[in-house]
Each structure stands twice: as C-alpha cells, then as structure tokens.
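Have a look at these structures, which come just after this line.
Across the two complexes that follow, chain A remains constant while its partner is chain B and subsequently chain C.
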Partner chain A sequence: MKKVLAVTLGILTAIGGFVDIGDLVANAQSGARFGMRQAWVVVVGVIGICVFAEMAGRVAAVSGRPVFDLVRERLGPRIAMTNLVGSYLVTLLTLTAEIGGIALTVQLASGLPHVLWVPLAGFAVWVVLWRVKFELMEQLFGVLGLALVVFVIALIALDPPWGSFADQLTHPGPPSGENWSTWGYLAVSLFASALTPYEVFFFSSGGVEEKWTSDDLATERSNTAVGFPLGGLLGLAIMGCAAVVYEPAGIEVDQLSQTALPVAVSLGKVGLVVVMIGFFAATFGAALETGLSTGYSIAQYFGWRWGKLVRPREAARFHTVVLVSVLLGTAALLTTIDPVQITELSLLFSAVVLPLTYLPILVVANDRDYLGEHANGRVQNVLGVTFLILILIAAVAAIPLMILTGMGQS
Partner chain B sequence: MTRNRPDPLRVEFHLLDRQIVDLDGRPVGKVDDVELTRDPDGTYRITALLVGQYVLAERIGGLVGRLLRTLARRRGGGAPEPLRITAEHVQRVGSDVRLSLRAELLDLPPSETWLRDTLIARIPGRAVPGDEVVRASALLGRPVYDAAGRRLGKVTDLITRPDEHGRERTVAVLVTPRRRGRLLGYEREGQHGPWLLARLAAFVHRGTREVPWHEVRWKP
Partner chain C sequence: MALLAVAVTLTGCSGSPFASYADSAVLCAQEGHNAVGTLRVIVGSHDRGRLLPASTEAAVHDVVATATSALDQFDGTEPVSPDDRRLHDELHPLLHDAVARIAEVQEALDTGDTARAAVLDEPLRRVDDRLVAFAEDHR
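For the complex of A and B:
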C-alpha cells in the first residue's frame, strides 16, 4: 500500500512538475495562432523529455554522476565552460521568468501590479529553498500543480469544434496568411518548453542526491513515463482552450492572464480560482527547480560539494550561487521587464544550449564501463539519435527564426 | 593505484576532469591537472592530482581562463597553490576518483571558507546545533555547572571514547574546584610513585572528579 502511494505520488509530482511558465505561455500562444496545428510538436517534445530524462536518470542511478559532472568530463574544460555559461544564463533567465510568473499570478488574484509582488515572490522562493525539505517541496508543488487539470475540464465545457481540431491535426503546416518562419519560431518555443535543460539537471541531481539504486530506477522510469505525457496532456488542453477562444478572432496571446481567460469564460469564478492555484504551484515549483539548477550546474562543473541534503555550511559556494541567482532574477524583474517576454527568450535560448547537454548524456549512456548491463540498447539509441538530430535542428534554427520574425511578431 | 583502475589507465581520459570524492563519496573537487615526475630513465610517473581554480584556469586559457585566473588570484593574493593529492591516496579510478582519506583532512579552498564564514553561516534558519567547530583550548579551563545551575568547577580535561563509527567522542569532563593546570597524570589509575610527589599532586588537585557529559552544563 505504501509503495502504491509512493508511485502515485511520484506520478502526480511528475505531472504537476512538468508544466511551468514556458508551457503556460508557449502552448497558449501556439493555440491562439495556429489552433491545434502544432499539437504534434508537444507530443514530440514530451517523448524527447522522456528519452532524455530516462537516460540521465539511469546514468545518475548506476554511475552516481549528475549531468553537469559528465558535461565537463566528456567535453573537456573549455567547451564545457561555454556550455556552463550558456546553461547558467538560460537557467537564470528561466528562473527570472518563473519568479515573474509567480508575481503575475498574484497580480491576477490581487489586482495590484506584478512588480510590487516581485520582491516578495523572490524572497519566498529563496526561503523555501533554504528551509523546506526536498521531498516535501517537490511533492507539495507537484500535487498542487494538478489544479491545472481544470484546463481539460474547461476545454470540454467550451465544447470545441472537434471536427476542425482533427482537421488541423492532419494539416500541421501554417494556415493561409501565416508564414513558415513564424510557424517555425513558435514550434521551436513549444519544443523547448517541453524539453528544457533545467528539468534534466534537476532530475539527475535529485537522483544522485537521493542515492538512487537500480530499484529506484524502475520507479522513477515509470513516474516520468506516465507523469510527463500526462503533463503534456495539460499543455495540449491549454493549447486547445486558446484555440477555441482566440484563434477564430485572431487574437494573439502576450499576457499570462490570457492563458487563464478561457477557463474563466467556461467555468466562471471557481474555475479562475483553481487556475490561479495551478499557475502559482507550477511557477513556484519551477522557480525552486531552476534556482537549485543554477547551483547544480556551476558546482558540478567545478566539483564543489552541492545539494539540498548537504548542510549549507558544508556547501557554502553552492548555496551562495543559488542565493545570488535568485537575487539576480528578482533584480532583473524589478526593472519592470515583461515576464512573458523573458519566458519567450528563455525558451529560445534553451533550444540553443540543449545539444551540448544532451550529447554527453547520450554518449555516457552508451559507456559500458559506467553502465554495464544498463547501457543503452538499440531502441534507446534509435530514439536517442533521432532526438539528437531534432535538438540540433531546433538549436540551429532558433536564433535565425527569432531575428526573421522579430520574436514572433510578423 | 594498483588494482582498482582501468587497464590501461589514460591520463587525459580517465583522470583529467573527473570528480574526486573522499572515502564516504563526498565531493572534493575535480582533477584539474595531474602532476607527473620524470624519472632518470626518461619515463614519467603520476605523483599527484592537482585541484584548484587557478590550475584549471591555466588549462582553459584564453579570455575565460584569464578571467578565472584573476578571480582565483584576487582571493588568494598571488597565484594560489593547488590542493595536491598524492597518488598513494587514490584508492580507485572509475566513474569518479575515490580517495582513501576523508575530506576533512584536506584544506578547503579559501573561497569556500570565506563564503561560509561571511555569508552562509550567518543566515538564520538552518543553524544545526552542535555544528560548530571549536578548539579544545576554548573548552579547557571553562567553568561548568550541573543541571541545577550549581558550579562544579573548571574543566581540566575532556574524556573521550570511540562511538559507533569509531570516532573519539566526549563522554565526560574532568573538573577541578580550584586551579587549572596539568595534573601530572597522578589522577589516573596506574601512576603511583614516587610517594611524595603523588601525595603532593593529590593535595594540589584535591576535589578533582569526573563528571559524565550529559550532566555538564556550560552555562549556569
């Protein structure tokens, strides 16, 4: 019974933990602009994160080495340093976006401008990181994030035109009047929202810290294999809601409140309250994960002691990095910069830096000295290489598409 | 470094940039460089692993290397010496490099201790009781009290026994009502003569007694 509970809790955590500010923004934007035409990007992205997380988790459990440790070991100090700088900045940008998301959610509830809530949100994130136990933190926000299931209910209540949804799914290209570059720009964002580097830093570092063994590996595998796709389903529901409400009118989504509006339209005030709980949990949970990930990446590159289970005074540099990152993110938001734009930027640059993190994991997952019988099999390698190619395409295309479309404006 | 190593061992692939962990698996640092010593016959043998940001910076080179080097230097004042772990302390080379000693034996880099003392240890909320490090001299000579707040005397010695992990842990203190000072050893069983000195020592240190650790209070 206890085991069933643990597995259920793990799956619930994975579902809630999958959705963050990137998914809330990218899915709604894509739905508003292209209906369900890009739904398959979400599906591909979810398979990608499952493949990546499974490999990283397996490597962490069998060899005890977290992701960034291996990045330096396999790429050498120089290229790994480039990767470190890139990954750190992207994770910092994501952290900034998540703190901004918390503030925007509180703004939605209180009516007061989000900048007022930014210092409080930043402080709250840091206090939870400093005081609250790893497991409680992960489970609390993961399970509360399940409130986002309200999007599925809202979508059904909106009685969407299923026929045209199906039509859009089979014709995934851009509709008339839209060009391929905007389509490509949003596709890259959507792909990156499912497949962000920090999720893997967090996942594998957590595995090392909790000293996973091969037994835990099976549990974790099922948690992510079930939890992430269900999380992706929430993303699709967000996309569907935006498709119903905004796409026919040609309204673009550039605010977080617009992501929530379809739920208010179909379910009224109660729906809106539930959405806000979901937004808060999703952004707060992700802020914690990205905050820790800034510390993980730097500490693992330099070989410092790191982790949430280590006493802070024995991992002073790690805790300093986390603290400074939260401060930097909070300070950036106080310049009244728009959190939604930060989110878009963070997604785009996530796509750019991902290959340098993905490649070492794919290589080490094949290293029999490290993994023995747990090394990649043929199926895992076919999937692994397919996604390596997809990730490379997204990385190469990201910046040209951003310039070409003026961040999706044209 | 004889048994638990890949065969053949490759310095660049198996050693450089691997994580070094101590006996208990705690991170010590990365292998930032490897020290080789040239023997008369012209071959090199691995003598030590070097750990330190400055060493790493020299390997990275370029602009980033120079920046890292400046950062490392500013704290240390001049080029800081790397942590040098001699080859005989390497127990196993695998997915990590495991040492045969505990991390406590190795010097922490100044950045870690500086951040710990000026920042992290000062933030409230995570102070763990018993976490502090003190010197024995800070405890010796201090007045101690019993649970009721009565003064027992001054501490003249700390008595330890191995705990379940084999670490010497305090079990009692020796207190004297009077003066502090070395006891010459006459309070122990087994040292008796010469008679005159023993009597004298017993007189000077009369009232000296052992108090179990859990009965000792450091404040009244």
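For the complex of A and C:
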C-alpha cells in the first residue's frame, strides 16, 4: 500500500506537471494547426523528462539532498545564481499561468469573467500550500487529475481518421500552406511544455520531503516510468481531439475553452463536467507545485530551512517566498493580461532556460562523491547528453523563432 | 524583462516585426475565422444539448474577445500605400460583419433563443467563408 501511495507522487507530477496549462494550450494549438504531425515531439519530450527526472530523483534519494542544494555546492554560487535567477523567473511565470488557468476553468464552469476569480484562485492556492498536508495534497490532485483521461475517451468517441493520423505521424513536417518557422516555434513550445524546469525541482524536493533513500530508487523509477508517460498519453489525446475538431476547418486555438470544446462535442455535458474537473485539478495541482518550487529554489540556494513538512514558523523565509510569489502572480493577472498569452510566454522562456536546469543535473548525477555506485552509467549519460543537445537547440532557437513568427502566428 | 516586453508586443495579429500590412491583414482575417469557426462549433453543440449554459456563455465570451481583438488590432494598423488601403477596404467590413454576427448569436444564446441562434448559423458561415477566402487570396 505504501508503495502504491509513493507512486502517486509521480502521478501528481505527471498530471499537474506534465499536463498543466502549458500542455492544455500547446497540445491543442499543435493539434488544431498541424494535426498529429508533432506527436513525436511529445514522445521525445516524455523520454527527456523521464531521463532527467530519474536523475534528479536518484540524486535526492541517494544524497538526501535536492538538486538545487547540490548545484550550488558543486558548481559554485555564481553559476548557481544564474541558474536560480533564470529558473525562478520562469517558474514564477508558470505559476502565474497556472493561477490564470484555474480562473479560466472556473469561468468555464460559472460563465463569469475569469478576472473575478483570479484573487480567489490565488488565495485558494496559498491556503492549500499553507494548511494542507503534502501527502493529502498530492493524493487529492493526483486522483482528480486523472479526470483528464476523458480526452482519451472523447478522442475515441470522435471516431478520428486513424489512417490520416498514421500518415501524419510518418510525415512529421508542416503541411502545405504552413511554414517551417511556425512549425518550429510550436515544436519548441511543445518540447518545453514537457520539460518545464519546475517539474524536476518539485520531483527532487518532493523526494527529499518524503525522505526517500537508496531503498526507494525502484519507487522513484516507477514514478517517472509510469507518471510521465501517462501525462504524455493525455497530451497526445488533447492533440488528437483538437486535430479532429479544428484542423479540418483551419481553426487555430488561442483560448482554453477551445481545448475543452471537443470533449463536449463528443461526450456532451457529462464529458464537459469531467474535463472541467480535470482542468481544475491539473492547473491547481501545477500551481501548488510551481508555488512550492519557487520557495524550494530560493531556500535551497541560500541554505534556509525549507519544506512543506516543516512548520511554517520554522521555515518562515521559505513560506514567505512562496506567499510573495503567489501574490506576484495574482497581481500580474489582475492587470487583465490574457492567461493563455502568459502560458505561451512561460513555455517560450522555459525553453530558453532549460539548459540552466538540465546541465547541472547531468553534472551532479555524474558525481561519485555524492552518488557513489548510483552515479550515471553509460546509457544514462548517452541519453542525458543527447537530450542536452536537443535542449540547447530548443533554447537557441526559441527567441529567433518567436520574433520571426510573431509568437507562432505567421 | 526586455524580452518579455518584446514578446508581449508580438501577441495579437500584428505578427512579427518583419510583417507587412498584408501579412497583418491575413493574420487578422485568420483570427476572425478562428472566432467565427469556433462559434459555429459552439452553436452546433449547444443546439444538440451538449453544452452547459455557463460553459456556453464563457466560450462565447472568448469568441467575442477574439473577434473584437482582431478588429481592434486591424484598425490599429494604418494602411500606408494604395495597396494597403485596398486590403483595408476589403477586410474591414468583413471583420466588422463578423463581430456583428457574433454579437447577434451571443444575444440569441443569452436570451435562450436557441432556434434563432441556429438560424444565424447561415450568415455566420457566409462571413466565415469570406474571411477564409481573404486569408487564402492574400497569404
């Protein structure tokens, strides 16, 4: 039973982390515009996050310390500071997008403008972070997040053109009438949505919070091997639903309500209710993870006491960072900036800072002083270096593609 | 922060800084099509009883925002050459018509007049076809 519960950490990270507002937007946009032609990007992203999350989790389990803590010690305060600044800002942007996602979901359920719900969403996130136990938090949103399986059912009910999907999978370039720049921009966004930096902060810090040891390595590996591919499957289903409903009509997706609409088309009101529960769980769960990750990154760099399991009075600076981050995100949204635009920006800037997160993990995971016999083997290093090259390509390409395509519009 | 500012200015249908007036016009036409096309999916689903009233209201609100934004963005870009002026004179009435048709459907749905919303699908289809044709002709 304990083992089963431990896997929920992976499931939570997969649903709230892999499928968050970024995936809900990026997968639907890609499906609407390119059908299933970019499905391979999701597959590559899932393998990439499995590789690096396994490393980060292993570092946490063997050393008993989260990755950020070791990055500062291993690479020095200057390099770690660069890492911290880039990662914190992107995580803050992602937190803002997730709070916006919660508000958009409540808008979909209530019909009232999302701006009205933003303060309530920010407050609810903070209350849960402050009061609810880590274990309850992960189990609740892990289970509710599974409601997104409704996209798989909706896709089957939509009776998609499987032959055409197969053809698109084997011809992964842009369709006629579309250009490579836009195709590349959306591919970078999709890739970044799979490898968002906070996922590994939360995964490794969560492992420390749950007091993983070397004995838990099997659990840690099953978390990554089960949780992330499940998230990837849901991402592909979201892409498939958008591909069936929007791509033939040439309709592009730029609203969260459009992501939900194919489920209503195929499954009606019941499906719509389930998808709204899934949206809420995914965005709320990811808001909790990103909120905690803002605190984890800063507290671990400066060597403060940190953690959800530590009483707030004993980790006051950690909880203050979390609170200030939630307030900043909420305040940004109250300027009426569109949460979907924030999401697109968070994905883009995630791509830019990906190397700052993943290179140090690869370095630390190779350090035998910390990991001993559990340091990276040859296979893990080949995979790690291969993905690091892909990450570097995405990071270098992100800004030029953003400017060239006007954020994927041309 | 500078990159963030650049990114924000790139949103909307103004497109890339290298975009011509024609490029921006095509993007605005595409935005209009996105709004009208999505509304047609919403009306179809609503007609078959597949949407909750609150969700319909929220989704239509998003459609209105998209269409209005496309019109505002297009109005905010000044045509400088005679060719630009011709494009403006062709697209502006289309976008205006799209926003007006969308508002009619929104009103019908708000008052619970599903039959009228269904009847309004035909004018929606016509304006949608013209927006798509504009985008294809000038892409």
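The definition used in the following text is that the second predicted complex is superposed on the first by the 392 of 410 C-alpha atoms of A that agree within 3 Å, B and C clash if a C-alpha of one lies under 4 Å from a C-alpha of the other, contacts with A are read in each partner's own complex, and residues count from 1 in each chain.
By definition in this document, contacts are C-beta pairs under 8 Å (C-beta built on N, C-alpha and C of every residue); 3 or more make two chains touch, one makes a residue touch a chain.
The structure presented is a predicted model; accordingly, all values stated were derived computationally and were not measured.
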item	value
Contacts of A:R317 with chain B and chain C, given as first, second, both or neither	first
Which superposed partner A:R305 touches (first chain B, second chain C, both, neither)	first
Partner chain(s) touched by A:I79 [first = chain B, second = chain C, both, neither]	neither
More chain A residues in contact - chain B or chain C	C
First (chain B), second (chain C), both or neither touched by A:W130	first
Contacts of A:D369 with chain B and chain C, given as first, second, both or neither	first
Which of chain B and chain C A:L392 touches, first, second, both or neither	neither
Set intersection of chain A contacts, chain C complex versus chain B complex	none
Residues on chain A engaged by chain B in the complex (per definition of touch)	63-65, 69, 72-73, 76-78, 80-81, 85, 127, 130-131, 302-306, 311-313, 316-317, 319-320, 323, 369-370
For the chain A and chain C complex, residues of the former touching the latter	107-111, 113, 177, 245-246, 249-258, 260-261, 264-265, 267-269, 272-273, 276, 337-338, 341, 344-345, 348-349, 352, 399, 402-407, 409-410
Residue ranges of chain B touching chain A (in the complex, touch as defined)	6, 17-20, 25-30, 51, 53, 56, 59-62, 64, 94-96, 111-113, 115-116, 119-121, 123, 125-126, 128, 131
Chain C - residues contacting chain A, complex	3-4, 6-8, 10-11, 13-19, 23, 27, 30-31, 33-34, 37-38, 41-42, 44-45, 48-59, 61-63, 65-66, 132, 139
